[in-house]
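Labels A, B, C, D and E are assigned to the chains in the order they are written; within every chain, residues are numbered from 1.
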Amino acid sequence: MYEIVAFYLFSALTIGLFLVTVMSKNILYSMTSLASGMVLISGFFFILGADFLGVVQLIVYVGAIMALYSFAMMFFDATRDIKEKNTNNTLVFLLGGLTALVLVLMFAAPIYSENIQALYPMHEGVGNAQDVGIVLFTKYLVPFEVAALMLLVAMIAGIILAGKKMDESLTEDMSADDEIVRETEIEKDDK
Amino acid sequence: MENLVYVALFAPFVGSLFAALFGMSERRIFVGIVASILIGIAFLASATLAYNLLMTGDVVQIRMMDWISAGDFNVSFGFVVDQISVTMMTVVSLVSTVVHIYAIGYMDHDKSFNRFFSYLSAFVFSMMVLVMSDNFLGLFIGWEGVGVCSWLLVGFWYHKPDQAREDNPSISPSWAANEAFIMNRIADLGMLVGIFILYWNTGSLQYDEVFAQLPYLSDAVLKGAAIALFIGAMGKSAQFPLHTWLTDAMEGPTPVSALIHAATMVTAGVFLVIRANPLYSMEAVEGVSFFIASLGTFVAFYAASMALVERDLKRIIAYSTLSQLGYMFAAAGLGAYWIALFHLAAHAFFKALLFLGGGNVMHAMHDELDLFKMGNLRKEMRGTWIYMTLASVALAGLPPLAGFWSKDAIIETAFNEHTYFLWGMLVLTAGMTAFYSFRQIFLSFHGEDRYTALGFHPHEMYKFVLVAMSPLAVLAVITGWFMGSYKAFIYKIGESVQYEMSAHTHHLANYLGLIVIFFAVTGIVIAYLKYARTGEKAWKRDEEKEQGFFYKLLKNQYYVPKFYEEFITKPYMMLSEIFWTKVDLKIVDGTVDSIAKFFYGAGDKTRSMQTGNLSNYLNWMAVGAVLLLTIAAVSAMIG
Amino acid sequence: MSLEQFKNRNVGTQNYTTLDLGKSPETGMEKFTQVIKRSLKGELFVGLGVVMRTMLQALFKGDMHTVKYPFEKMPISPRYRAIHDMLRLMESGNYRCIGCGLCEKICISNCITMDTRYDENQRKEVSEYTINFGRCIFCGYCAEVCPELAIVHGPRYENASEQRAGFSLFEDMLTPIDQLNLQQEYDGFGAISPNADENIKKTPLAY
Amino acid sequence: MIGLSHYLVISAILFSIGLVGVLRRRNLLMLFFATEVMLNAVNIAFAAISHYYNDLTGQMFAFFIIAVAASEVAVGLGILIVLYKKHGSLDLDDLASMRG
Amino acid sequence: MEAVNILPEVTWVGVLIKAILILAIISALAGFGTFVERKVLAFMQRRLGPMHVGPYGLLQIAADGIKLFTKEDIIPQNANKLIFMIAPIITAATAFIALSAVPVFPDFTIPEFVPLLGGVFVPSIASDLNIGILFVLGMMAAGLYGPLLAGMSQANKWGIIGAARTAVQFLSYEVVTGLSILAPIMLVGSLSFVDFNDYQQDGVMSWMIWQQPVAFVLFLIAGFAETNRTPFDLLEHEAEVVSGYATEYSGMRWGMFFIGEYANMITVSIIAAIVFLGGYDAASAFGWLFIMLKIAFFFFLMLWVRASWPHIRPDQLMWLCWKVLMPLAVINILVTAIVMMV
């Protein structure tokens, strides 16, 4: 009962919010709707009993990733609408619709068979976090470490990419300054 | 003891890696010193192992790790230190140590000093693997390893240009390196076949396991394996008809010639035969063994004959090496494995000494090797002269030096086996050996001074180099005295290597020895009369004789290289040309080109998709994804 | 000091007192040790302690500094000068202003407006007198210029009003007649100094 | 009762919405948003499959997807800022410097 | 004793009642918190604080509330109106959602004589997740959208700066919060508040603060930053950025930020009390009194610190987070892990 209500509520909300994300001209609307859509997706996870995944979704996706996006957005005027040349909208919606159609048809058909056995069954009386931890640190230890390494590399890359010449202005014309520097160097050379 | 084995094996490897670190940098003297010290350590370890083996008789056998394990096929990195391998280890590491130290002086002015030591140490490592391995696969790895290192070292001066054979008997180092390498590959195929035959029929590559099963194998298998393995040995030890590479390999630096082409690598073939002595002692392969002995004898004579007229200092030594290898094969083929091994060791010492001395001369004469341009170098290079003379005496087989004891034993063996023809050939060869080696000594160190007129200013080698050579000189003198104890030492392996002269021969031993000595002395005397004198009687070139048939025959190495060139190389070139123009260009390239053209055309047509706009690319990607999805859905429905 | 001098002055040689603040940390290690020292020495907690002590004193020792202003007022200085007062003569109760108009003339913010007329005794009398406290800047010139010490600054400082222009009438400022006895003969601004007589110099006109 | 196919359908719909966004958007930041939508849609499918097959592997994949998304953001935003510094715009049509 | 542990079934009515209770009481408490803050700060500055409205100024809360509700709701012309309006709600909502997973007030059963609701059991935690702590952290992380969107939507440069500071400060200190609380989590082996409480039931010496003093201090510092209290209140620091993200807000919307902030303070105090200071003693009759005292102490501590210490600069803030607190937290985790392994 709860599940049905919650599911349809969340479904309707996420679809609506993500549609706003995709369609909105205002980047602030996009960002807000995306973030709240993600919160609702964590709701899906809670319904599905994946508590830990839900919280990770909250902390990482909502708390970190989207916050980083919004941080990046501060480079632009977020209150102004962005102008995009939307050519060929028919193709876009045709493709999107076709994908949706095909996927929905595929999934709506009864696909699950009885033969698939659980590899790591969830134990009764053990919290989802424990289960996740056990599986993560046994079967998926290597991918886990690789993911950690990947995050580290990404962090370094992000810092280097974004941090380079952080002291330079984004809007001021730097070439003029460069020329001045060059001229002074030339003068030095002359001397 | 195990640790010592590892030290003996890996110290050269470490040295090689260390030198390789500086491979591209400037000449650094410490690189050579470190490499030499590491080889010295390997020698000490080998010597300790030998001493231990002598005292206790315990064969050290270790398995370092599993190497290949596929199904029933199991090969491990195993090493065995028994009397055979420890002899080789000691000889190899000792000669290597001397050569390393020598090379510090010899390669003094070379740009690629560090690289040289890297290669040299790598060679020693490969050689150690070869001799220490307890299975055929390990042996083969070492075998190939020394081949590669030999290729690197012979071609060390790869930047020297090619020369036509007509202008100069020597050709370019890279040509020589390639020749050596390719010729060895041909022989290695034979060896590989031999190993396969043995594995196929015994299911193992371990020496002891293979040999234990030999009696249960059919005659054909034994013969096949013996022949195939011997083909490998022929290549590595440069036996006829695969011998031409050895003299050409003299293009490499002299330390390389001393180490690889006299003392160690070329004896690997002999070592293989000795190693596989249970196989070659089988009744069924008696014919093969006799063929080995005959071939050895023939090569001994054949090489010696070519050396008679050679003018190039190093090539003479190379021919003599060839000839001595023939002696070893003769002994091994006749079943006297320990004598072959003993001659191998003794030969290694004095031949290395000879080569190093030759290197001194070469260094002094600024890489001029023509004997006829030297003469009376004795007054400038006294130390080298003494060493060379000593080594030549040993080579010629005069008592009490090393060469006499080992060579005499081989000749005696030939007599003992009632193969009198071989005996006769060997005795004759001994005389020729004495002649050409002293011809070389007299031409270079005695007689008239011919180099001053040509503008050479020879000088003696560095002191430390001469000192470093001294162990070889001492060993060249004294090795023979320990023949009896060595015999006792190696007899511990088992019956297969034991060989005793029959009573009949034993009785005549002294006379046989005297005959050999007589021939040798005769050779020396002839050489002296012809070449060593000064003044009126000084040696002059005889143009007429040089136009003679025999002279030209010998000079041109019996036209064997020419034969190879005319009947193998050139047809092969023509065949390759045909394949290149007809098959490769037309068919293969045509196919590849048409594929490329297709894609080029396709790309040309679809280039308009490449707008450089990410958004468009994403659209295309989505189109593809939808297409794939649809296909998947449809196929799922159908399936 | 001319501009040139000003630019070239050597700041360092002037009589500045430098405080000995110790060496400021430069390397990372020094900064680190500084942080550790400051954290472990508990300098942070000194601040907390001081604040807590203050609170306890305020609560329990009555050391509270709040003045409940509309109900409590701080005593003000007798020389405080705020809203103007119009004085009366102590003896007669008549007001002192003679309507000379000097205060109106001198007022630099033009906030004093006055009108005079002759009364039944043909004396000049103030008929209208207003001060716009929205404009008054309390410069005190009016009191200074008043020859009769009629207008002075008084102690009333609550002069907030609901309009921008807050006019005050003469009667509002005048001392009520029944409080005449409370009127202070002024030590305030514009009052005669105690040694006023000694300071009087005779002008040549007197002779 | 909500079954697996319900979740898969909602996941598919969300994925298609993300796809539409990817195709439609010209602004790089918006494009990133659209990809995040797609990733989230896939996460739902994984979690649902994990739940209905009683197997944690699906959740694991969702975790790794989140990790990948985090890395993508770190690097992507770095690139985005560099691009904005260089071109002063995030519009893909302006960034098409490799036009053939 | 065992009878105590067998709790009645939690019905949705109970949860609903609990939710309403939390909403009502925490809002009231948040308002009361403003009063307490003003009072305490006044005492610390030898002032009296609000005194006029009601006895000892107690009705000041009501006065403030009336003022906030009736004040004009100004929305700047160029602001993004929708987002501008939503942002304060996010702050308040996330603060209260976080409280849903935190034990607030004791559980009780409504007496039978109450009509309709008689016998309904009201739990202490509205939603007893087994990952309570993570959920609270996650919700507090989501709470950063309030200030962030507020700052970005209002078309005011101080707002943008405030939003940027919000993003930087919250993102950074979330790391420290999570890492500092990880060490106690490792010791307890659970993410549930109830387990934390049960772990520390053997008297004062079993409190987590003795085992994890470093984690406690780190959590406290990070908690200050997460609730943007002095000395980390850079996002609305008047001297630098006018009022930061709240520059353009007035009336009830501003009030919602305020309530959210105070609710967050209460949440952090509750977490600190439960995780580090022993929580509530379920067996003792005065357990709930003690935890109230602990929470009150933490609340008081925040005011105390605000009265005592100055702000720090943004760069010092970042330096403190990434170069001091985070390494310390990691070292603490390592040491804990090693000790646990040994």
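Here, a contact is a pair of C-beta atoms (placed from the backbone, for glycine too) under 8 Å apart; a residue touches a chain by one contact, two chains touch by 3 or more.
No experiment lies behind these values; they were computed from the predicted model shown.
Number of steps on the shortest path from subunit B to subunit E, with steps defined by chain touch: 2. Following the contact convention of this document, A is the list of chains adjacent to both subunit B and subunit D. Each chain's centre was taken as the mean of its CA atoms, and the one lying most distant from subunit C is B.
A count of C-beta contacts for the chain pairs A-E and A-D puts A-D on top. Centroid to centroid, with C-alpha atoms defining each point, subunit D and subunit E lie 33 Å apart.
If you average the CA atoms of subunit C and of subunit E, the two centres end up 48 Å from each other. Between the CA-based centres of subunit C and subunit D the separation comes to 69 Å, rounded to the whole angstrom.
Here the CA centre of subunit B is 115 Å from the CA centre of subunit C. Multi-chain contact residues of subunit D (touching two or more other chains) are listed as 19, 23, 25-26, 93. Subunit B has residues 619, 622, 625 in contact with two or more other chains. Inter-chain contacts, as defined above, occur between A-B, A-D, A-E, B-D, C-E. The part of subunit D that touches subunit B in the complex is made up of residues 19, 22-23, 25-26, 31, 92-93, 95-100.
Residues of subunit B touching subunit A in their complex: 619, 622-623, 625-626, 629-630, 633, 636. On subunit B, the positions that touch subunit D within their shared complex are 607, 610-615, 618-619, 622, 625. Residues of subunit A touching subunit E in their complex: 26, 28-29, 32, 35, 39, 42, 51-52, 55, 58-59, 62-64, 66-68, 70-71, 73-74, 78-79, 127-129. The touching residues of subunit C, counted against subunit E in their complex, run 35, 44, 47-48, 50-52, 54-55, 57-59, 63-66, 68.
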